[in-house]
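What follows is a group of structures, each given as C-alpha cells.
Common to both upcoming complexes is chain A, partnered first by chain B, then by chain C.
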Partner chain A sequence: MKIPLVEPGTIGPCPVAPDALQGITRQQTNPARWNGAGWQDFVAALRAADVELVESVVACGVYATDAGGTAYGMPHGVVIARDAGQVSRLLKTAQACRVPVTVRGGGLTTEGESVAFGGVLLDMSGMSRVLTIDANALTVRTEAGIYWHSLAEELRRENLDYLSAPLNLTSSVGGTLGVGGIDVNSARLGCSADQAVSLQVVTPTGEIVECSDTENSELFQRVILGYGQFGVITEATLRIRPYTPLAMHYYYYSSLRAAIEDLQMLDRNDASDYSGILTIMDCAVNLLVAFDSDEREAAFRKHWESRLRGHGEFGFALCMLGHYAVRPWKLGEALYLLQRKQAVFPEFRRPEYLRAGKMHDRSVVFSRAVWKHWGSRQMVIPDLATSADKFIAAVERGNAICRKYFRHYTLYCVGIKLRPEHKPHYEMSCIPPDADGWAYGCEFEPMIEGEVYSRDHFQAFKNAIYDIGVDLGASYYRFGGMMKGYIRRVFGDAVVDRHLALKRRADPAMILNRDVIF
Partner chain B sequence: MRAVDVVIVGASLAAAAAAKRLVDAGLETVVLERKELPRHKICSGILSPRGHRFLLENFGPLPRETLHEPTSCRGVTFHFPSMVSMPMDFFHGTTPHLHRKYSDHWAIQRSGAEVHDQTSFAGLEDQGGHVLVHARKHGEPVAYRARQVIGADGPSSLVVRAVYPDYTKQIPWFFVGQKFHEIIDCPLSPEYFHFWFHPGLGHYTWSHARDGRQIVGVGFKRGDNFAKKHAVVQRYLEEKHGVQLKPADDDHEGCAENFGPSLINRYVFGKGNVLVTGQAAGFLNMIGEGMSCALHSGAISGEAIVEAQRRNRPVQEMYRRMIASEVRRCSDQWNPLKIAFERPHEADFPEALMKLSWRERGLVLRDMWRFIVLFKEFKWGRQIASAAMQRPLLGGYSMQRWL
Partner chain C sequence: MYSRAMPREFPACSGCGLCRLVCPMWRDHRDPRFSPEGLAKALQSGATALELAAPLAACSLCGACDPVCPEGIDLSGMIMDLRSRLPRRAELAALQAKLAQAAASAKAPAAGALLLPGADLRANPSLLARARTLLGLRSADDDGADIALALETGGDIDPARRRQLLGRLDGRSLVVGDGLLLAALRRWLPAARLHSLGEALSNLVAIRRRLASADFYVIEARAYHADYERLVVHYDRLRADTGCALNLDLQRIAIPALTRSLTRKSAPLGDEDVTQVRWMLKGLAPRRIVVESLADRAAFERACDIPVLHLAELAEDSMMKKETPHACG
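Now for the complex of A and B:
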C-alpha cells in the first residue's frame, strides 16, 4: 500500500466526510518518527564541518522526554551547542541533507515540543555564559541557553535583576523568548519575551543574523514568540533593572470570581508591582500582591487594600472553619487544605530568604516551592489566555474540568500587560487577538501526587481545557504547551497559512522544530 | 535468535498504537502477523469518533483506500420489537467506515515498527529478565528474545492462551457472522449502523451498507447455527422493515467474540513481561465496537513499557495503573448507573429517548429489559451491579478482578 507523502503543515481534503470530527484539523499531531533517510551521509558531512555529534543510546536517552513527561522520542544524535558558528554549520548541513533538528533549552515543554522524534537534538544548554552586563544602559548580553536562575545569580553580583521570567529554575532564556513566559510582574512589565532588546539568531539555513526592532525587524518579530520556527536564538540582549527585595502581601478568598475581579482591579489601576492568583483547587484562593518599594506599598495600603474582598490568613481560617463545620461530608477536602497550608506556606517564608520582612531572590523562592510542591515527573499544565472580559468565564469553566478529572489541582492566574509597539510579535502567539491592554492567563495544574495516569487521560483533560479556548476565542499562553491540533482552530487558516508560507521561505527543507506548529 | 526490545503479536489497530509509542521512544519493536499483509479482517468497520481522532492524531489523515463506501457513518439506529426506531447521531459528526484490510496495514506501516508477516506465534517463555517468543515462518521455526511481549491478537488470542491456558474455558464465547447481500430495496438508511434489541433474533444483530451491498450480521452464543440464525434475521428485516435483499453472496464470514469482560470488569492484562491489550484483553464498547478501545489500550500498553523501562518499575504495575482510565471509559458504557444518569457513549441515548412519546419510551424500556433477560443465563447481574456500585464509591473499577 502506498502512503501519500504529506507536506508538513499541509491540510488535505478529508476522504471520510466533511462533517467528520467537526472542527478538528486533519493533521497528525503526535509526530511520526523521522525515518533516518540519509543519516550516515549527514553524519559524515557534519563531522567534516567539525561539529561534534553524539549518537550513543545513553546520551540520546537523556533527551527522551520533556517536562510534560508524556511524549517520548529518541533523536538519532545529539549536538551540544557551543557557539553560533557551530549551530550555523549544523543547520546548513541539516538543510542540505533534509535532517530534522529539534532545539531544546530547559526542556520545559509539555506536549513533546522539545522532544526529537528522530533527527538531531540541539541542546542549547551548552551556550550558557553571560557575555556583558551594562549597568548604565541596564542591559545584559547573554548566551541563550542559560537558565534564568543562573542569569539572576550573575546579575545579583552587580545588584541587578532581570525584568521577568518563568517561575522555575530550569527554563532557558532562548526557550522563554520563543514562547512568551510569564511572571508575577507580567501584569506590569509584560511577558518575559517583551524584555528582549535584540537577538543573535541562526536562521534555518544557517545565516547568523543580529535582529531587533530596528535591525532585521521582520525576523525579530517572527523569532520572538515564534516557537522556534524561524531560527535558533543563540544570544540575547535583555533589559534589566536594579535589584529590589519584595514586600509580599497575601489575601485569601473562597470565590475565584471575587479574587479575579480584585486582581484585575489592581492591574487596571497599577496598584501593585506584582500580582497573581494561586489556588488550592477552588476552595482556597490566594491573591498575591508584592511591591518593589516602600512608597508603592504605602500607596497600595492607602488607596487599594481596603477595596480588596479577601481575608487575612486568620480571618480566612475562621471562614473555612465555619464553612466546613456545616459540611462535615467535606472533611477530606478540609484536611487536604490544612495539610497543603502547612506544607506550602512556610516555603514562602523561609528565613534564609527573608530580611526585614522582605523576600529576597524571589526566583529561587518561587521556583523551589513550585518544583517541591507542584512539580512531579509529569507536568500537565494546559492553560488559557484570554482578554480581560472573558477571563472569569474561562477560569470557571476550566475549574469545572479540573474537578471532573482530578481530585486535587491548582490554578495559577496572572495578567500580562500588552505593549502596543510589540503587536507584530504577538501574532499567532500566546496573546489572544482580541486582548486590549492586558491579556490574562490561567494554568490548570492537576496534582499528580504519585498517581500513574495514562497519556490518554492527560490528553483528554488537556483537550477539554483547550476546547474551552476554542469556544471562547482564547489563546494559550503555553510555555510550550498547546497541542498542535489547536493552532489552526484558534488562529484560523488564513493566519496560519501566512506563517506557513513564511516558514517555507525561511526553512525550505522544513527541518527546524518541524513538528511544533505546522 | 533475534533480540529486540518488544515483540507485538498481531498487526491490528491495537498493535499499531502500541508500536507507535514504542518506536517513537526508540525501542526496537517487531510485529508478528500470521497472515500476509495486507490481510483480511472481519469487522463492521464503524469506528467511533474517539477512535477516529486517535488515528488522525497519531497516524495522520486516513487515505481513501482505508475506507469502504459509504466512507462515513452518521450514527446508530436502535430498532425494537415494538417497531420503535431511535436514530442517534455520533457526537462531533460522522465517523469513518474503515476497510480493515487496508486501514490496519496503513496504521502498522505508519507506526514505523518492523513487521514480520506470515509469521505465526507459537508460544512464549517468560524468563523473568526477558521473554523467548517462538513462532513459525513458512513452517520453519523462528525465535525472538524480547524484553517484553504485547499480545494484541484479538479475542481468540494465542498469547492469552499461552499465559492463561484455562482462560478460554472460563468465559462464555459468542459467534458473530456477517453475510453480504445485493440490494433490491432497502429502506434502512445507509448513513446509519442499525442494531436490533430483539431477543428473538440473537444476542447481537446488526445491518449496514457497504460497497453497494447490505451486511446482515448476527451474533449468538457459540454452538448455534449461523445459517439458520442469519435466515431468521433476513426474513425479519424483510417482513418488518421491507428490506428486500438477494441471496447472500459467497463471501460470508464469522469469528469468535468475547462480549463479557468489559461488561463485568473481568479484563485480562497479562502476567510478568507479557502484556495483553485490545480485544484480547476484553475491551469492547457497547454496540460491539472494539477498535477505539483497541487503539487507546494498545497505546497505553506501549506507554507502560516505555515508562517501566525509564523508571525501572515492574511493567505490569505500570500497565495496570495506566490502563485504569481506559477501563473506566469502556466499562462505563455498560454501567447502568452511568447510562441512566450520564452520557458514557459517543451518541446521545437519553436525548433520543426523550424525543419519543411517553408510550414509545415505555415500549423501548420494556423491549430493552426483555433483551437483557436474554443474557440471564450468564449470571452477570450481580457482577454488573457490583461494578456499578464500585464506580462512584472507588472512583473506578476494582483491579482485583483483572487477570
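Now for the complex of A and C:
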C-alpha cells in the first residue's frame, strides 16, 4: 500500500482502512523530521526578542523521547518557559519564521506527542510555581508547568488538595488539562481537566489571553482537552478541596466482567468516593474502593458492600487455593500470582503512608507503585474510553488482545463523571461522543519484565487496541492520546474538518504541536 | 526494580523525572539540566563531565534522588563520580592533604564503639563534648574528615589511606556525624553497625522526652537518604511518639535545609538557602527548631527568628549523666 505524501497542516487520506487490519503498515504519529529551513534566521530573531534558546546536544538530549520510549526525535533547540511574555515572543517569532514548536510538560505522552522532531522544544516545567491559594473560595492559581506532586505539596501545607489528577507524580497541570487526566475519584469528580476554572493561554500567534466558561469561552473550550492545538496553557485556576486521608477497601474477583459490573453499580449509586479496577491476571482482579469520611464509609458498608461479588483478601486466597489445588498444571500461574502479591501489595501498605488505618498521600503511594512495578524505559499503555454500556465489551476485547501479545499484563479501569455543561470541551477529545453521565476508561499495560520486544511488536499491539476503539465508536484517553492516523476514523470527517479549520485560523503557519493531531 | 544492593548506572534512566520532584537543585533552577535526570540523559547523549560542570557544582549531594529512583540508579554516586573527573580547586586538594596528614598521625583508637564527629561538630568542641557524653562514646581522632572532603569535592582517595581508616573502624559500632561519609562507610563496611548522629541522639530517652508537638525537627538529609528504608520507619515512630513536625515531603524524603553546592561551599548563606528554609516552614508555626546537623542551624538562624537548637542541646544537663553508655548498643 502506498502512503501518500502529506504537507504539514493537512490531513491526508487515512491509510488504515477497515479492511486492512492485517499486515499493512500503519501511519504513525511520528512524523518526518522538520527540515530546519530558516533556522538560523529564527534563532537570530528569537535572541533579538530576548528569548534564551539552548542548542547543545546536552540540553536537547533530555528530550529525546517521551514516557512511551518508542518515538525518538531531537529538537533543534530548547526554550525553558519562564513567563507568558517569553512564551508569547517565542510563538510570534516561530509563527513568522514557520518553525514548529513542540510543548512538553512532564513528557508522559506515549506516542511521541511531546517529542520534537526538529524545531523548538518548549519545556513548560520552568513555569512551575504556585501563584495564589484561596482557601475560602477553594481555588488555586498556578503556573501550568507545575507537576501535580509539587502542587499537592503546596496545597498540603494548608491542608488542601486538588480535586483529581493522574496517579502519576510527574504529570504537569498544563499537559493534563490538555488531554484529560483521570484519577480513582474521577467517577465522582470528573476528569482532571474538568477542575479548571480559568486559564491564561498564549495562542499560537502569541496573544496572551485569559479564558474561562464566561470569558473567551470558545478558546477555553478548545484548549481544555485540545491536545495543545489551540494554545499554550501558562497559568491555570483550579478548583481545590480540603485534604482528607483515605479509608481503602480492596475486593478481589476472578471475573473481570463481574468486577466491572460492580464498579459501575457503585458509580451509578454514588456509593464510594474512589473506585477503580486493577488486574493482576485474568482470574485475579482487584476492585479498590475508598472513602474520604467515616460517614461515607459507614453508608457504603451498610447499603452496598453486601452487593459486591468480590472477596476480601483472605477469602480470595482460599478461592485461589482451591482453584489451583485441582489444577496443578497451572502451578506457574499460581506462583506468578503469589509473587506479584508479595511484591505489589506491600507498596500500598507502606507504614509511612498509613496512619490510624488511613492512607495518606494516595497519589504518591499509587505513583511510586506504578513507576516501580509497571514503569520502564518503554511505557506501552494504549487505552480505550467508551460509554458505560460499551465498556465491558471494550475491556474484554482489549484483554484478549493483551493475552495475544504478552504473557502478563495489567488493566486499570475507572469511571469518569461527565459534566453536561462541559459538553463543548469534550468534542473531539478523550470523552467518547456517545457517553452520557459517565465515560469509562481502561488502560492496557503489558508487563515487560525484562523481555525484549521490538518496536513493531509494541506498535502492532497498540494498533490492535486502538482498532477496537474505532470499531466500537469509542475514544482514547490519558496517556495514549489520539494517533493522527486514527482521528478521521474515530471522529468522522465533518468534526475533524471543522476542528482543522479552527486550527488553521488560530495557527496560520501550523507550528504548534504539529503532527499530534493535525 | 529498585535495589540498593545492585545499583544501576545512567543508561538505565528512563526519564521518569521522579528525581526532580525531590531535588533542591531543580527547585532552585527549574531547568531539567539541573537535575539528576538531566545529567543522566545528557550522559546518554554523550556529554562529558566538563560539559556538565555547572549542574555538577550546583548539586548539594543531599541524596534525595537515590531512594525515589524507580530504576535503582545510584544517582548521587554518578554525580560524585562525574565530579571526580572535573579539574579540582587547588585549595581543596591542599585541605584534603592537610587533613590526611593529621589523620595519619592520629593514634589508633582503643576497642569499642566510636563517634566520628565530622568537621562541623569537631569545630564546636562544647557541643561535641555534649554529644559524646550523651552517647557515652569516645570520639575518634581519625574521623575520616579527609575522605569525607574527597567524597564531596571529587578528590582522589588514596587506597592505602582508605584501608588505614577502615582498618581502624572495622568491627565496631559507629556513630557518624558526616552523612556523606556514613553512606560511603555503609558500602565499605557492610557488616558494621552504623548510625547517623541524628538517629543515635534521637534514640535517647533524654532527648526524645524533650521533643514536643510544637517542635520542628530537621532531619539531616544525607544520612537519611542513604538509609531511607530503615530510617523512614525510625522517624515515623519519632513523629508518632513526640508529635513533632519533620522536614519530610509528600514522599517522606527529607528536605535539606541548605541548598549549598560545591561552588558556594565557603560562601555566605545565600537567598536560595533562605528560600529553602521558608519553604520548609511554610504552613508551620513551630515554637522551636531542632536540627541534627550544625550546618542546617545557620540557615534557620538567618531565615527566621524561631529558636534553633541542636539535638544534643535538648537534653537537660542533669539527665546527661544518667544515660547508659552508647545508645546504639
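Some notes on this structure:
Definition applied: the second predicted complex is superposed on the first by the 486 of 518 C-alpha atoms of A that agree within 3 Å, B and C clash if a C-alpha of one lies under 4 Å from a C-alpha of the other, contacts with A are read in each partner's own complex, and residues count from 1 in each chain.
In this text, contacts are C-beta pairs under 8 Å (C-beta built on N, C-alpha and C of every residue); 3 or more make two chains touch, one makes a residue touch a chain.
Here the structure is a predicted model, which means the values were calculated and not measured.
In the superposed pair of complexes, A:158 makes contact with chain C only, with no contact to chain B. By the touch criterion defined above, A:117 reaches chain B but does not reach chain C.
Of the two partner chains, neither chain B nor chain C is touched by A:50. When the two structures are aligned on the shared chain, A:125 is found in touch with chain C, with no touch to chain B. With both structures placed on the common chain, the touch criterion links A:485 to chain B but leaves chain C unconnected. By the touch criterion defined above, A:452 lies against chain B but remains apart from chain C after alignment on the C-alpha atoms of chain A.
Shared-chain residue A:32: touches chain B; no touch with chain C.
In the superposition on chain A, no contact is made by A:421 with either chain B or chain C.
Once chain A of one complex is fitted onto chain A of the other, the partner contacts of A:73 are limited to chain B, with no touch recorded for chain C. The contact surfaces that chain B and chain C form on chain A in the two complexes overlap at residues 57, 60-61, 64-65, 377. In the complex of the two chains, the chain C residues touching chain A come out as 1-2, 12, 14-18, 20-21, 30-33, 37-38, 41-42, 44-47, 51-52, 68, 70, 232-233, 236, 249-252, 282-284. Residue ranges on chain A touching chain B, taken from their complex, read 1, 3-4, 6, 12, 14-17, 19-24, 26-30, 32-33, 35, 57, 60-61, 64-65, 70-74, 117, 377, 451-457, 460, 485. Residues of chain B that touch chain A in their complex: 20-21, 23-26, 38, 49, 52-53, 56-65, 67, 71-72, 92-96, 102, 105-106, 109-110, 112, 296, 299-300, 303, 306-307, 310-311, 318, 321-326. Taken in their complex, chain A has these residues touching chain C: 56-62, 64-67, 69, 80, 106-107, 123, 125-128, 147, 149-150, 152-154, 156-158, 169-170, 351-353, 361, 363-364, 368, 371-372, 375-377.
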